[in-house]
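Below you'll find a set of structures to go through.
What follows is a pair of complexes built around chain A, which joins chain B in one and chain C in the other.
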Partner chain A sequence: MVSEPISVIKVRNVLLVSMPADPDDSTVAALQDRTLDAMSKHDVRGLVLDLSKVEILDSYFARTVAETAQMVGLMGGETIIAGMRPSVAITATELGVTLGKTRTAMTVENALDLAGQAERKVKARR
Partner chain B sequence: MSVEAQTIVRGQRDVVMGLTPDASMELLQILVDNIKEYAILTLDTRGYVTTWTPTAKRLKGYDADEVMGKHFSIFYPKEEVENGKCERELEMAAREGRLEDESWRVRKDGTRFWASVTLTALRDAKGNLKGFGKITRDLSEKKQAEERLRQQGRDIMEMATVPVVQVWEGILLVPLIGMLDSARTQQLMERLLQKLTETASPVALLDITGVPTIDTQTAQHLIETIKAVRYIGAEVVLTGVRPVIAQTLVHLGVDLSGATTRSSLAAGLRVAFSLMNMHVGASNGNA
Partner chain C sequence: MNEGSQGEVKIQTEADIAVARRAVRDVASKIGFGVTEIARIVTAASELGRNVHKYAGSGVMRWNALSNGTSSGLELRFEDQGPGIADVNEALREGHTTGGGLGMGLPGAKRLMDEMEIASEVGKGTTVTVRKWRRR
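Up next, the complex of A and B:
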């Protein structure tokens, strides 16, 4: 099976990363590498992780998402998870996934709005 | 019945039966051919079709020349034939005199219909088995009506178990009443997540005013639901936390600090509005 490519796009001041429906382990591993790589290359405030296509969540994928969010945090960025499906959310609670301070949004659009609000607050403080 | 009465009855019957045997047979034939909703046919002792009527054609779709001499298993679903239902039914009807059954039957075009079937053993004056009479009635409509009723019942039950009401654009209210067990909280989680995504609502008010007590397990389930709602990008406000519930939760050591909780539904609604950046107040200019 050819693994579907993950798309990593820079939108305004964040990275938008979309996951395919049923990612295999190598795709999941690539998610972390590509994201962290892009974080270091682009001057962005954070990451919007689009999970709206994802239908199945396994423990490896869940752990990688949580870890990546932590790593992005260490690199000074905020992660917003967008579009998680109900069935995936139930699996996530069953797996005991903890997202810490990671924020969530129902759609990518909402996530971009959230990211924009955070940015405006920072600017206002200056 | 007295002798006179019997005579009168016989006399009356003779008047009714004033037709010649042929003419009465003809009337019977007309009845059999025209009776609606029923398919009437006969089988030989081994179950091969020996008489076919227009009513049978109407119900099952076969023409007489297609079906005469065929085994009656062609009217049954394949899996029923394989487990020997046809043979069992013939044997039963022969032993008991008749057999009634309600189950699926198959038309010529392969479609199924829900049928009530009566199989009657036909014996001559000496009691020798001559064959079987088979009367099939199409009960699809009745079956569908029953199914609709059952579905309505299920919908009402589901609504009563986990009622989800949209109270504002983007705000769902779940007024829970009665004890929460594991099965119900599981349903609550699934239905709430489903409704939140369906209606694209970012806030859910989970009202537990009508929940008499909470134990550790229920609290754990509620925490999981709150988490799952957060994963899909929405927020739960737990309302109706009465003093006794607050005391129980603290004594049980349940940590709900991650969740927004309020004592009244009204206070919860205010939280919901502020989460959505909406301001509600009297329009007297200083709201």
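Up next, the complex of A and C:
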């Protein structure tokens, strides 16, 4: 059985990357490549990583998310993690997983609003 | 589901870790565990399955639906014929790793489950058994 693929789309000025419910290792590994590749191809300010479908975040998946956010940061973008389920947040914390200083939002909508606010602040400063 | 029902998943490739997770999710939900308990059990299975793949190359996960009359639960046993663990206490210490990971696999899985037993012999292999009981 092959796990569902990652979806990558451009929404307004950010890249919206949605992870499937239970991605296998190769799908998790593809997160990094596909995100960084899309970041460099599209004119976007950052990344909203939609985890609302995700049912399990083990240490490998969490490390890949944290590393991806760090790499996006090096490229000049910001990452907002959105929609983590309560059961996943509880389990990941008990496991000992941390996602560094990555920003978070309850929903993808909130994350897109946050990204939009950051954009307006930048424009106001110009 | 029948009491004492059981099964196994061979772990030979990275993709099998996800196969093992799905099998554990199915059986845990049939036993009647709640959403968060299922997430705990599946996450522990993922860490332990990954250890088998990473350290031994291959092995097997056996699951066993438990019933002791008053409560039901799930037992998972991860068996491999890998290099074994020289110091089990050290392996259970937070942040200890010999495999280049974060060292949260064994201690993390222990926290997520109710019981854990490790039997290991250097050069022969390792068996990690974990159990979760349904709260009522």
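In the analysis below, the second predicted complex is superposed on the first by the 125 of 126 C-alpha atoms of A that agree within 3 Å, B and C clash if a C-alpha of one lies under 4 Å from a C-alpha of the other, contacts with A are read in each partner's own complex, and residues count from 1 in each chain.
The definition used in the following text is that contacts are C-beta pairs under 8 Å (C-beta built on N, C-alpha and C of every residue); 3 or more make two chains touch, one makes a residue touch a chain.
Bear in mind the structure is a predicted one, so any value in this text is a computation, not a measurement.
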| item | value |
| --- | --- |
| Partners on chain A (chain B, chain C) - clash or fit | fit |
| Chain B versus chain C as contact partner of A:Arg63, first or second or both or neither | second |
| Contacts of A:Pro86 with chain B and chain C, given as first, second, both or neither | both |
| Partner chain in contact with A:Thr107 - chain B first, chain C second, else both or neither | first |
| Chain B or chain C, by number of chain A residues touched | C |
| First (chain B), second (chain C), both or neither touched by A:Asp24 | second |
| Which of chain B and chain C A:Met71 touches, first, second, both or neither | neither |
| Superposed model, angle subtended at chain A by chain C and chain B (C-alpha, nearest 10 degrees) | 50 |
| Which of chain B and chain C A:Glu55 touches, first, second, both or neither | second |
| Shortest span in Å between Cα atoms of chain B and of chain C, once chain A is used as the common reference | 8 |
| Chain A residues contacted in one complex by chain B, in the other by chain C | 86, 88, 90, 92, 97 |
| Complex contacts: residues of chain A adjacent to chain B | 81-86, 88-90, 92-93, 97, 99, 104-107, 110-111 |
| In the complex with chain A, residue positions of chain B that touch it | 189-190, 193-194, 196-197, 200, 202, 224, 227-234 |
| Chain C partner contacts - residues on chain A that touch it in the complex | 1, 3, 22-26, 55-60, 63, 86-88, 90-92, 94-97 |
| For the chain C and chain A complex, residues of the former touching the latter | 14-15, 17-19, 21-22, 25, 35-36, 38-40, 42-43, 46-47, 50, 94, 101-102, 104-105, 107-109, 111-112 |
